[in-house]
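Mind having a look at this structure? Questions to follow.
By written order: A, B, C, D, E, F, G, H, I and J. Residues from 1 in each chain.
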Amino acid sequence: MLFLARMDVHFPESLTPEQVADFQAREKEYSGNLQREGKMKGIWRVVGEYANYSIYDVENNDELQQVMAGFPMFKYMNVKITPLAEHPNHTDAVAY
Amino acid sequence: MLFLARMDVHFPESLTPEQVADFQAREKEYSGNLQREGKMKGIWRVVGEYANYSIYDVENNDELQQVMAGFPMFKYMNVKITPLAEHPNHTDAVAY
Amino acid sequence: MLFLARMDVHFPESLTPEQVADFQAREKEYSGNLQREGKMKGIWRVVGEYANYSIYDVENNDELQQVMAGFPMFKYMNVKITPLAEHPNHTDAVAY
Amino acid sequence: MLFLARMDVHFPESLTPEQVADFQAREKEYSGNLQREGKMKGIWRVVGEYANYSIYDVENNDELQQVMAGFPMFKYMNVKITPLAEHPNHTDAVAY
Amino acid sequence: MLFLARMDVHFPESLTPEQVADFQAREKEYSGNLQREGKMKGIWRVVGEYANYSIYDVENNDELQQVMAGFPMFKYMNVKITPLAEHPNHTDAVAY
Amino acid sequence: MLFLARMDVHFPESLTPEQVADFQAREKEYSGNLQREGKMKGIWRVVGEYANYSIYDVENNDELQQVMAGFPMFKYMNVKITPLAEHPNHTDAVAY
Amino acid sequence: MLFLARMDVHFPESLTPEQVADFQAREKEYSGNLQREGKMKGIWRVVGEYANYSIYDVENNDELQQVMAGFPMFKYMNVKITPLAEHPNHTDAVAY
Amino acid sequence: MLFLARMDVHFPESLTPEQVADFQAREKEYSGNLQREGKMKGIWRVVGEYANYSIYDVENNDELQQVMAGFPMFKYMNVKITPLAEHPNHTDAVAY
Amino acid sequence: MLFLARMDVHFPESLTPEQVADFQAREKEYSGNLQREGKMKGIWRVVGEYANYSIYDVENNDELQQVMAGFPMFKYMNVKITPLAEHPNHTDAVAY
Amino acid sequence: MLFLARMDVHFPESLTPEQVADFQAREKEYSGNLQREGKMKGIWRVVGEYANYSIYDVENNDELQQVMAGFPMFKYMNVKITPLAEHPNHTDAVAY
């Protein structure tokens, strides 16, 4: 079951560059794990913004909430979720 | 080069059900062709809305404009395009 | 798996009162069936507006899309879906 | 008499993790009491956001205001209230 | 129990001046009755707009919904309801 | 001459509880005086929000500006003013 | 007492060019009269839009409402009123 | 050439009352000079808000930018500029 | 003096394809003339939308208003104008 | 391939004037380099705002993202990107 997320990141001024780098390293590891587990199907930078669009494949809303809340930078993210359904024009020519 | 599109469709009341069905059939064929050509990487229904999110892989903005303007239902669609760049957390575990 | 929907209805001027009444009767039957099947957990009128909030319990996004698209008045409705997860403060004292 | 609330929580950076945990513990207790008293009919997490939708059953607006102002985290919450009325399509097949 | 309503009126072009005048006459009568019954506590024109702010004193949300749906021009009105509670700075020097 | 105001209050985190209480006490006194002078015709809490709707009866815009700027918490308030005119459906059955 | 108005005009498609021209002629005459009576202190086209900003000098809100409702094109205008007060930085070097 | 500006002022909490008073005194002097030079044609307080509408008469956009950037409180102002053109209903009965 | 415009076009359903084609042909001629006269410095399609961004070089606001109102499709366009000034980071390496 | 960017700058209060000046000097150098490399085709101040519109000519979205992220003040900028395509009314009379 697929969901599209848009995530906008806003770090407070009080964070040091080291803290930011640490958050980003942990975020990268967490994100990579989600991809290898097949729960994150793709992630793309929104050009010019500290934001991404990403697609998730989860069993249900509770799992998606766990995935979201598990992001190390979750408290600094503004997340908007869009539930996706199969489109009638979808063909097998695309990956998912 | 990837772009995310959100398309919202609004048919005028004056269209007959046959006209709507004809538009939808041509849209389906056009969309399928784009997928087989590798220009549309995915398309999903926004649950509860006559809308989709879809991802395009094109050479440049002019090609994307041609792809968009070629949709049979283009004049009835409200389209918003978001340019996507590679995300630093992207891994090879995902399809694209 | 629960979802909250807000539905706003906008009938075109061209519909006759009989057509409106027919739509409403079919909507009422469809809505009642969803409730008896356990797919619609509740529905409430937004005071002063031709709109409702309703809660759905479905297996996945595709089923929710089918439920939504099945509403007789679907083409006249503006629908916004919010995926819901279990809240940590939820207790068994409430119905669901 | 039912009301739908959407509550978005924004903690200031100055709060320590201990203060946050204390607020959350008191919030959980307060929320549980409201559920056992029958004043809160349901509460759900908005997936991906530090927010909830919840439904209240109160005698009047003044009681709802007291319920809202009593939340330990009230000063950190952005609350929007929607008054709900009985929907003509409501049946006895649903809990309330 | 008090509620504030803002009502914006939008007549379709297809209505004749006579139909508009008839709607307005029936609206005036309905509004006057609500005032005499004590259910409408006040009504004011928003300067420059075909809109009003009005205050209602009703038993509960269902009664308010009935009052709203009873307006002859209800189908042409966009209504937003705000539930009001007693303000701590309110004194007996004001009418209500 | 009547005006409707919506006031939303946002205190900065730096204020102590004592400072807040002092502001609120002075606000209450100021608000009561306006009511006794007949300049404030009513004030109501917006349920769930640190906000009010209030109605003012003043000679002109300059007096309204003085009334607004005189609120002890003025610098912490976001105020929106709507000028009100007599509504054609107004009757003498209401207080003003 | 001064008010700023922004007026946006939207003519329905059903009006003939002659009807539009007639409305515009009557509007011009009405607007000229307001200026000669000193009730309209200025009127300017918003560049690129069928809209104006204009300033009114009236005795009270009821007179402003009469002035607004008297515009021949009033039913085709979207009007937003802002009450203006004397600014502390105002000097006698300007016209009003 | 005329432009309408709306300026909203937001002082940070860190400014002392003396600093605010100093900014306001310099702003008043700067604003008075603009009026005497004929570059500011009028300035009015938006009732209830720390905001003004003001009208400027300048040679070109670059001069307007210089005028704006010269305000002592410029860094604390949110400014929106609307270019104004001569309105066909304008008469010589008004000042400008 | 430069201005940026965003123009969104909305044709009514009642126009025939021939009428649309005629409007577009006249628009193309008008736009070409503006470019040759040096009044339009550039025009670009917003990808996926029936909209453009374009840049104008005119003597003053009144000339810009004339340029805008002269577009054959002006009555079907929603135009937003942004006045541009010289940027301090501008160098002679760019065309204008 | 062209893109339009709107950039709004918001410096935190904690920056000293020296830090701001240093950021601006580095920004000016970076911006000049982009212009000399032909990647930035133009940059203009939005009158009255700490904002610019600028046009970029890049190979693809990833290059645009690198250009954006390279701005010294990137973390203080709110950037919105619009992809541009060739407009059918474009002629060779304009620079690009």
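The working rule: contacts are C-beta pairs under 8 Å (C-beta built on N, C-alpha and C of every residue); 3 or more make two chains touch, one makes a residue touch a chain.
Just so we're on the same page, UniProt names per chain: A, B, C, D, E, F, G, H, I, J = Muconolactone Delta-isomerase.
Because the structure is predicted, anything quoted here is derived from the model rather than measured.
*Asks:* Chains shared as neighbours by chain A (Muconolactone Delta-isomerase) and chain J (Muconolactone Delta-isomerase)?
*Replies:* Chains touching both chain A (Muconolactone Delta-isomerase) and chain J (Muconolactone Delta-isomerase): B.
*Asks:* Among G-H, A-J or A-B, which chain pair copies the contacts of G-I, with over half of them the same by residue number?
*Replies:* When the contact pairs of G-I are compared with those in G-H, A-J or A-B, A-J matches.
*Asks:* From the centre of chain E (Muconolactone Delta-isomerase), which other chain's Cα mean sits the farthest off?
*Replies:* So the chain farthest away from chain E (Muconolactone Delta-isomerase) turns out to be J.
*Asks:* With over half of the numbers shared counting as same, classify the chain G (Muconolactone Delta-isomerase)/chain H (Muconolactone Delta-isomerase) interface as same or different.
*Replies:* same
*Asks:* From the C-alpha centre of chain B (Muconolactone Delta-isomerase) to that of chain C (Muconolactone Delta-isomerase), how far is it in Å?
*Replies:* 27
*Asks:* Taking the mean of the C-alpha atoms as each chain's centre, how many Å separate chain C (Muconolactone Delta-isomerase) from chain G (Muconolactone Delta-isomerase)?
*Replies:* 44
*Asks:* Among the residues of chain D (Muconolactone Delta-isomerase), which ones contact at least 2 other chains?
*Replies:* Touching at least two other chains: 2-3, 45, 47, 61, 64-65, 81, 83-86.
*Asks:* On the basis of the stated criterion, which chains touch which? Give every pair.
*Replies:* Taking the chains two at a time, the touching pairs are A-B, A-C, A-D, A-J, B-C, B-I, B-J, C-D, C-E, D-E, D-F, E-F, E-G, F-G, F-H, G-H, G-I, H-I, H-J, I-J.
*Asks:* Chain J (Muconolactone Delta-isomerase) touches which residues of chain A (Muconolactone Delta-isomerase) in the complex?
*Replies:* Per the touch definition, chain A (Muconolactone Delta-isomerase) meets chain J (Muconolactone Delta-isomerase) at residues 13, 45, 47-50.
*Asks:* In their shared complex, at which residues does chain A (Muconolactone Delta-isomerase) touch chain C (Muconolactone Delta-isomerase)?
*Replies:* 1-3, 60-62, 64-65, 81, 83-86
*Asks:* So in the complex, the part of chain B (Muconolactone Delta-isomerase) that touches chain A (Muconolactone Delta-isomerase) is made up of which residues?
*Replies:* 2, 4, 24, 27-28, 31-32, 35-36, 38, 40-47, 52-54, 82-91, 93-96
*Asks:* Provide the residue numbers of chain D (Muconolactone Delta-isomerase) that touch chain F (Muconolactone Delta-isomerase) in the complex, in ascending order.
*Replies:* Chain D (Muconolactone Delta-isomerase) residues touching chain F (Muconolactone Delta-isomerase): 3, 5, 12, 14, 61, 64-65, 68, 75, 79-81.
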